[in-house]
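In the two assemblies presented below, subunit A is common to both, partnered first by subunit B and then by subunit C.
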Partner chain A sequence: METNLGEYRQTVHYNNHSGVRAICSDCHVPHEWQYKMKAKVMAVKDVYHEVMGTINTSEKYEHRRLEMAAAVWKKMKATDSRECRNCHAFEYMDFTIQETRAAQNHQRAVDENMTCIDCHQGIAHDLAPGYLEEYQHVVETLAQSKLQDGSGGVDVASIKSYLGISAD
Partner chain B sequence: MLSLLDLLGTIGGSILGLPGILGVALGMTTRNWIVAMILGGAIGVLSPLVLGGHHSAHVPITTLEYSVSTIIGLLAGLVGCAIRHKGARV
Partner chain C sequence: MKLTVIAKIAAFASPLLVAGLVVAQTTGGIHSLRGAAVDQELEPPEVYPQQLGREVRNYRQQPPTIPHSMTQYQIDLRTNQCLSCHDWTNAGDRGAPTLSMTHYLDRNGNQLDTVAGTRWFCTQCHVPQADAPALVGNDFEASSISR
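== the complex of A and B ==
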């Protein structure tokens, strides 16, 4: 856990002009009791791998970085970036005082039903090579599973267009 | 496709959440197995609706979440009722 902790300490979520800090659990553990308990149960896997030393060297960590990132992206995409939205909500954003690029992209995200993680993949940890392709794979997998469940799919085309990947 | 870890997490979350805890508590209020099941099941159905929302994110509550929550609620009600029966004999 030292590698990802070190990366997080270099980001705006650790040190920033406002003095507000988001700690690990703010992004990785839901606030809602039911989902919080679910996250705690699932975290047993993380404890197991920490004890077993699965990622205790930088080589091992880099080897698994994309896989671990994809697991978190999948969770965030499936939950509409719920943990991000505990602090950042489109409803509370004043686009007029944001940078032009940010304001445009946030309004576009609202219009196209996108979620935070669609753009902010490397906000707290370094990104592995090939992360865009992996994220695209995560989005497509979720869209397929939602279609199979009959609960409707995510708008893969708009995300692809945003990422600069041609929609097939 | 739901992973096994996700399923285990959903079950564990329900046991440690409202369906498990309040289900047992409500089950202990009666010696009637059917009533205990109904009370536990009702909590299981209501729990995702009451606790599953979010002020900003739109997270759909899946059929599996409802199913697991309801089953755990039913079982918790039965466990509570069993505790009541056992307690009555002491």
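== the complex of A and C ==
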């Protein structure tokens, strides 16, 4: 838990112009009771691996980095970036004071029903090699499992085209 | 024979060495990069904010400057986040300028599909644009101006 903490301390969620800070739990623990309880039960796994020293050297950490990131991306994508939206919302954004490219891409995200994590991977932690491909894989497996559930609703093609991977 | 030569050299060298040491001690002493003693407080350097909007190149081969914020972008051995928009695979969709095709040539001139290792660290050449005074004085004149 030291490596990821150190990385987070280099980011805008730790130090920024407005002096508002988002701490670990703001992004990693849901606010609603039922999801929070589920997260706390699942956290037993984290405690276990912390005690067992699964990621207690930087080599071990790097070896697992992509896998751990993918697990969180999957959660974020499945919940429409729920924890991001505890603070951030498209409705609160003034596109006119954003950088042009940010405003354009946020407008596109609204139009195409995208979610925060579709673009903002690695916002608080370093990214492993091949992260874009891995995120793509996460999106595809999620969409497939949703199709099997029959709920559908995720436009994989538009996300694919946005990420620059040709739709097949 | 040899010994006398060494003795002569030593006779010349040692006063020179002593003189040199004396001069070094009397003129200035040590200059640190910080420019002041550790217990002295320094004026913080001016902050020059980044200019938005693409700047015209000053000379033909100038690496284009960066017209957007990039402080939070990871560029290290593992990941180069610039490529998530500027790589040829993504640039079209993200509406970003593609890397020059020279950046896909390795040092032996072979065409690659991924950016060459020699071009990996973007900020070695491409810098964020700001209207800041030059850190080091120079009398560079662009060929396009002196023409």
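Worth a mention:
Keep in mind that, in the parts below, the second predicted complex is superposed on the first by the 167 of 168 C-alpha atoms of A that agree within 3 Å, B and C clash if a C-alpha of one lies under 4 Å from a C-alpha of the other, contacts with A are read in each partner's own complex, and residues count from 1 in each chain.
Here is the rule we go by: contacts are C-beta pairs under 8 Å (C-beta built on N, C-alpha and C of every residue); 3 or more make two chains touch, one makes a residue touch a chain.
The structure displayed is predicted, hence computed values, not measured ones.
When the two complexes are overlaid on their common chain A, residue A:Q104 makes contact with subunit C while staying clear of subunit B. Applying the stated contact rule after C-alpha superposition, one finds that A:H17 touches neither subunit B nor subunit C. Residue contacts after overlaying the shared chain place A:P129 against subunit C, while subunit B stays out of touching range. Applying the stated contact rule after C-alpha superposition, one finds that A:Y35 touches subunit B and leaves subunit C untouched.
Of the two partner chains, subunit B is the only one that A:S145 touches; subunit C does not reach it. Once the two structures are overlaid, the count of subunit A residues touched is higher for B than for its counterpart among subunit B and subunit C. Remark: subunit B residues 1-2, 5-6, 8-10, 12-14, 16-18, 47-48, 51-60, 62-63 touch subunit A in the complex. Every residue of subunit C that touches subunit A in the complex is listed here, in rising order: 52, 68-69, 72, 74, 76, 78-79, 81, 84, 87, 89-96. Residue ranges on subunit A touching subunit C, taken from their complex, read 11-12, 62, 99-101, 104-105, 122-123, 126-129, 131-132, 161-165. Within the complex formed with subunit B, the subunit A residues making contact are 32-42, 45, 78-82, 85-86, 89-91, 115, 141, 145, 149, 151.
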